[in-house]
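Several structures are given next for inspection.
Both of the next two complexes hold chain A, though its partner changes from chain B to chain C.
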Partner chain A sequence: MRKIRLAVWKFASCDGCQLSLLDCEEELLPLSEAVEVAYFLEASRRVEKGPYHISLVEGSITTPHDVERIKRIRRASRYLIAIGACATAGGIQALRNLRDVEEFTSLVYARPEYIDTLKDSTPVSHHVKVDLELRGCPINKHQLLYVLISLLNGRTPSIPSHSLCLECKMKDNVCVMVSEGVPCMGPVTHGGCGAICPSYRRGCYGCYGPSETVNMESLGRWWIERYGMEREELVRRLRTFNIEGALAPFARSFEGEGA
Partner chain B sequence: MRIKVGNLARVEGEGGIYVRVKGGKVQEVRLNIFEPPRFFEAFLRGRRFDEAPDITARICGICPVAYQMSSSHAMEDLLGVKVGGGLRTLRRLIYCGEWIESHALHVFLLHAPDFLGYQSAMEMAGDHRDVVEKGLNLKRIGNALVALVGGREIHPVNLRVGGFYRVPGKEELRGILEDLKRGRDLAVEMVRWASTLPFPDLERDYEFVALSHPDEYPMNEGRIVSNKGLDIDVRDYDDHFVEEQVPHSTALHSRLKERGHYLVGPLARFNLNFERLRPIAREIAREVGLVPPCRNPFLSIVVRTIEILHAFDEAVGIVEGYEEPGEASIEFEVREGTGYGCTEAPRGILYHRYTIDGRGIIRDAKIVPPTSQNQGVMEEDLRKFVEMNLHMAEEELTFRSEQTIRNYDPCISCSTHLLKVEIRRD
Partner chain C sequence: MTVRVIGKEGLEGLLRALREEGYTVVGPLVRDGAIHYGEIGSIGDLPEGYRDEQGAGRYRLRQEGDLFFGYAVGPGSPKYFLNPPERLLFRVSSDGRGVEEEDGDDPGFAFLVRPCDVAGISIRDRVLLEGEYRDPHYLRRREKSLIIAVNCTHPGGTCFCLSMGTGPEVGDGADLILTEVSGKEHYFLIQAGSQRGKGLLERIPSMEASPAQIREAEGLIEGAKGRMGRALERDGLKELLYRSHDHPYWRDVEKRCLACGNCTFVCPTCFCTTLEDRMALDGSAERWQRWDSCFTLDFTYLHGGSIRSSIASRYRHWITHKLATWIDQFGTPGCVGCGRCITWCPVGIDITEVVEELRKGGG
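For the complex of A and B:
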């Protein structure tokens, strides 16, 4: 039987999500024997042409060249998985979408004419059909392994979309919001990380993006009315690593109220 | 002849190499970096000071702790906060974890295949399974340490301006002690192994730049010093270093105003701070015959294993002597001003500067990652290496050129902007 051919691609990102695969220290060698690693530039010089059974795509689309590249990758891939907040929601670099990119370029680069970039940083799904999204900044490597093992065994992976609160309860964490008044995005945030922040007595900051149904209106009111949070800060909290998503309209509406 | 590597593999981020040779002379050398720019310095403006550690961590998934450290130190400098005692020690502990995971990733998965002639560590494991497994084990323990103190390996959540959100309990930390001790033994073995690799010849008279601290091998603080007379406070960084933009790179190139290109990272730290390595790391370095001055960049793989050993030994010491600090963080009042921070990321010094207003909003940010600083010496090394080895067949020369660049463990994502090798003989 032919081995499953795996490819790993990078767009605008920090490399952290593809690193998650190399961070599977105990599973990496068995996995590399079970599949054919046909393209994974961060780990190997070997470059094999497609088609690929599975493509993992990290990063957001930010240049005209990358718009074309993601289309070629889609054509060469049977199952395309967008991994991480950049690939699924534009990433932290989507903060540019709210501002003037020319102004940004000239702030960082003395000679902006050398820099070729698009106005917006966008998720992969804005350009091609995506078969599965793994959320998180970064993704949870155990979720990634689960997805790969499912696909290797001919099963369709299913990723739960409950909110972070459920994971907190499963860990027996004391709620940081109820007990300490710490603003926490848990109620509106997609689970998957295992409720890390509340386990460290910190409010969730939403790096997995919004859960399936969010009542941010209510949570935002609570923060403003009970905790005295300024609207400006609330809006900032909604615009971090998952800007292009279900929280965007809430960010705009709270921002509008402040104006 | 042209040596051209369109997309350099086994580095973090996107870049390439281009070398043009004519009449037996190298005409042009370029480290092309085309990683799409992400504009961190620009969008930090308007964010609040305490968001900087989490936001700048996203510059690099391999060394997020370094970004969290440099940004926190810069903010603390600005706010007049001093994080000392047990909290400072805990910061060193998580930094030890990052040095171990980042160095082990580079030594065993990215660089060792160059020395032994493989395309990847996965292929190398076919003949050298024992070494790859041991390397992965070192990396696993480093990651476990970062996750224990920081909450997770990539983009830890527990570090903040002023300290931590929650400090680990004594028993919680003790849980990793046996693993750290095993890691230290394995690290000794791996320094010896690395010293037996075949090292190509190349020596240059570098200016090495690193932090230096009177009592410890530098991580979180110290003066910025060099082997050519530089000895400055972190606050004076901008008086001595400049960044330039070149057309073939989305990363800015750094230079010392007085003397030009310089080298940061493990080789610089080792040469400038050898006497402050933990005794066991010094002893094993001497045993394998590696003492300063070391000017062959290919030996950096051995230096990384020595730093892994150092970090394990220091981590063992910290965990054994750990007492839970009374407070997880230091309280402070927000005030306007400009702050400076510089810490030793695994790849070298990482400089941050911020200006904030009275409400704590960032008005200006400057970040200089190690890979931007090393671009100049990387290109010069490549030029000299190709000149010395023009007799090689093109395939071999291309392979070795990539290895030359990988000596620096370039993090192209960090330099905001990677690698592709191209050698051209006209």
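For the complex of A and C:
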């Protein structure tokens, strides 16, 4: 196995996805033998120049400086992998895309003129070519390890994009929607987490974003008509993690109804 | 074959005898608001006094009566035990020399299940054991398993086993057959369906059933036939689906279907799997088989894209296989009328209703 150079980058984010790498515990030592960690400020202050074989990018692009920096990282990286809901969908902070960011800065900062920020929070893929995306808030460390091991061995990783229900039923969970009437985003949400929330009898809140085939119109109607869900509540659920993604048109259409 | 009768103690004795013979007893129990299948230690684990209410996309439990088997099937089916959601096929070492096949220390299951699930197992047998390619893992588990059918006296709101000829009274395939009766007295009629079942029955104390007891049980099963929540007209079904390929109703289904695959996961006969290779840091690898569904895009992914990209085409494929092409492949429909796909569809799509809509013509 070749020793490859790994870099881990942070943009607008909470660091939770980077921590997933440190959270690999048992696999961490063997992994550190297989890769050379060239840039990973969360783990080490040692900084090495590129090029890098693999760049893991956490966080969304929110400033003009970010836009320049992600382009430099792209140029220095053979594989660029966006990790987490921020890097792949703009993150929760993309809620600002629906409002006037200048109004926010004028309210929050004493000297808003010092703040240089973009109007929108956007995924990495809006700015540079991304080779692979790992979804989730946070990402699943097993998926991350799978991707790294695949690349170390010269294999193309395959990340399934089916709905979460497959993983939930494989765990033999009783469906929270059918048995309790709990709204669950699982049927329209990208699998990969192992159905964590439904395993604890919570509805999925969709942090992995939309699955490959999304029929939110049908699921939303069911919640409104059968569960008596308010439209505002429905729109809020669609927008928590998916402000810019494939659910955006559904959120707009439900928001528009009767408004 | 003679019909015997046992009480609650006899049922407990049967469970004990099964454990003594090394079986893992799999039967109904209450878990997370539903009657599920799981490991049964004693009759205390059975869902005594529970009844279910089932409709399209809706399931609720309530407490009523004193029956141990007063329920219609829940989301789980024997396939979780016979074809578990994922299993290791083999390991390959990093030096490329060793391929280590999983020999599998398979448990022997004693299934305490409804007639529709017995029919489901028979269908899996035809798919996985007959024909050119047999599933060795399934074969090992099947050879070791014992089936105790509990005749159904309480069909649910989405049941249509009567239409499919799989219940409420069990047909072939059971080693032992139970019918629960709770009236003036609470008893179980029991009879053997195989030599193994006969051997077991001889191990537990039982009495000969009286003609009155047999009549009472038959009356309950007859009554169940009149309380099917759903019905499916079988006449010309295969031809109907074949000529409905371009039916406009598929577009209506598409508006509702989430393509989540839940119908395929709860279906006792759906058997599709895919393969996953999982590598370790040391370069060794494992090949796993895991459940798949014809509702995923990957299922029909070939070079250039997925063949069944629209939801309409995926739903049409699923129901056409269940009710038509399955007959050409394996001699029977792939549906046992258990109603799980109706109840556990998150948005309540009803296979019997879809067939009715197709019958209205337009195809």
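Quick note on the criterion: the second predicted complex is superposed on the first by the 256 of 259 C-alpha atoms of A that agree within 3 Å, B and C clash if a C-alpha of one lies under 4 Å from a C-alpha of the other, contacts with A are read in each partner's own complex, and residues count from 1 in each chain.
Convention: a contact is a pair of C-beta atoms (placed from the backbone, for glycine too) under 8 Å apart; a residue touches a chain by one contact, two chains touch by 3 or more.
Worth saying up front: this structure is predicted, and the values here are computed from it rather than measured.
Undergrad: Have a look at where A:Leu19 lands relative to chain B and chain C in the superposition and call it first, second, both or neither.
TA: In the superposed model, A:Leu19 contacts chain B only, not chain C.
Undergrad: Once the shared chain is lined up, is A:Arg46 touching chain B (first), chain C (second), both, or neither of them?
TA: The first partner, chain B, only.
Undergrad: Give one of first, second, both or neither to describe whether A:Phe11 is in contact with chain B, with chain C, with both, or with none.
TA: first
Undergrad: After superposition on the shared chain, which partner residues are touched by A:Val188: those of chain B (first), chain C (second), both, or neither?
TA: Second partner only, chain C.
Undergrad: When the two structures are overlaid on chain A, which partner does A:Arg201 contact: first (chain B), second (chain C), both, or neither?
TA: The answer is both, since A:Arg201 touches chain B and chain C.
Undergrad: Using the superposition on chain A described above, determine whether A:Thr88 touches chain B (first), chain C (second), both, or neither.
TA: A:Thr88 contacts neither chain B nor chain C.
Undergrad: Classify the contacts of A:Ser77 with the two partner chains as first (chain B alone), second (chain C alone), both, or neither.
TA: After superposing on A, A:Ser77 lies clear of both chain B and chain C.
Undergrad: Which partner does A:Glu180 reach: the first (chain B), the second (chain C), both, or neither?
TA: second
Undergrad: More residues of chain A are touched by which partner: chain B or chain C?
TA: When the residues of chain A touched by each partner are counted, B comes out ahead.
Undergrad: If we overlay the two complexes on their shared chain A, which of chain B and chain C does A:Ser161 touch? Say first, second, both or neither.
TA: A:Ser161 sits against chain C, while chain B stays out of touch.
Undergrad: Return the residues of chain A at which the contacts from chain B and from chain C coincide.
TA: 201.
Undergrad: List the residues on chain B that touch chain A in their complex, please.
TA: It is residues 7-14, 35-43, 45, 47-48, 51, 54-55, 58-62, 64, 105, 109-110, 113, 119-123, 125, 129, 132-133, 136-137, 139-140, 143, 151-155, 157-158, 164-166, 244-245, 247, 250, 252, 328, 402, 411, 413, 416 of chain B that touch chain A.
Undergrad: Flag every residue of chain A that touches chain C in the complex, lowest number first.
TA: 1, 27, 30-31, 34, 146, 149-150, 152-153, 155, 160-163, 165-166, 169-175, 177-181, 184, 186-188, 201, 212-213, 215, 217-219, 222, 226
Undergrad: For the complex, give me every residue of chain C touching chain A.
TA: Contact set of chain C toward chain A: 31-34, 36, 57-61, 74-76, 80, 85-86, 255-262, 265-266, 277-283, 290-293, 295-298, 311, 343-344, 346-348.
Undergrad: So in the complex, which bits of chain A are touching chain B?
TA: My answer: residues 10-17, 19-20, 22-23, 25-26, 28-29, 32, 37, 40-47, 62-63, 66, 91-93, 95-96, 99, 101, 103-105, 107-111, 114-115, 117, 137-138, 193, 196-197, 199-202, 205, 207, 233, 236, 240-241.
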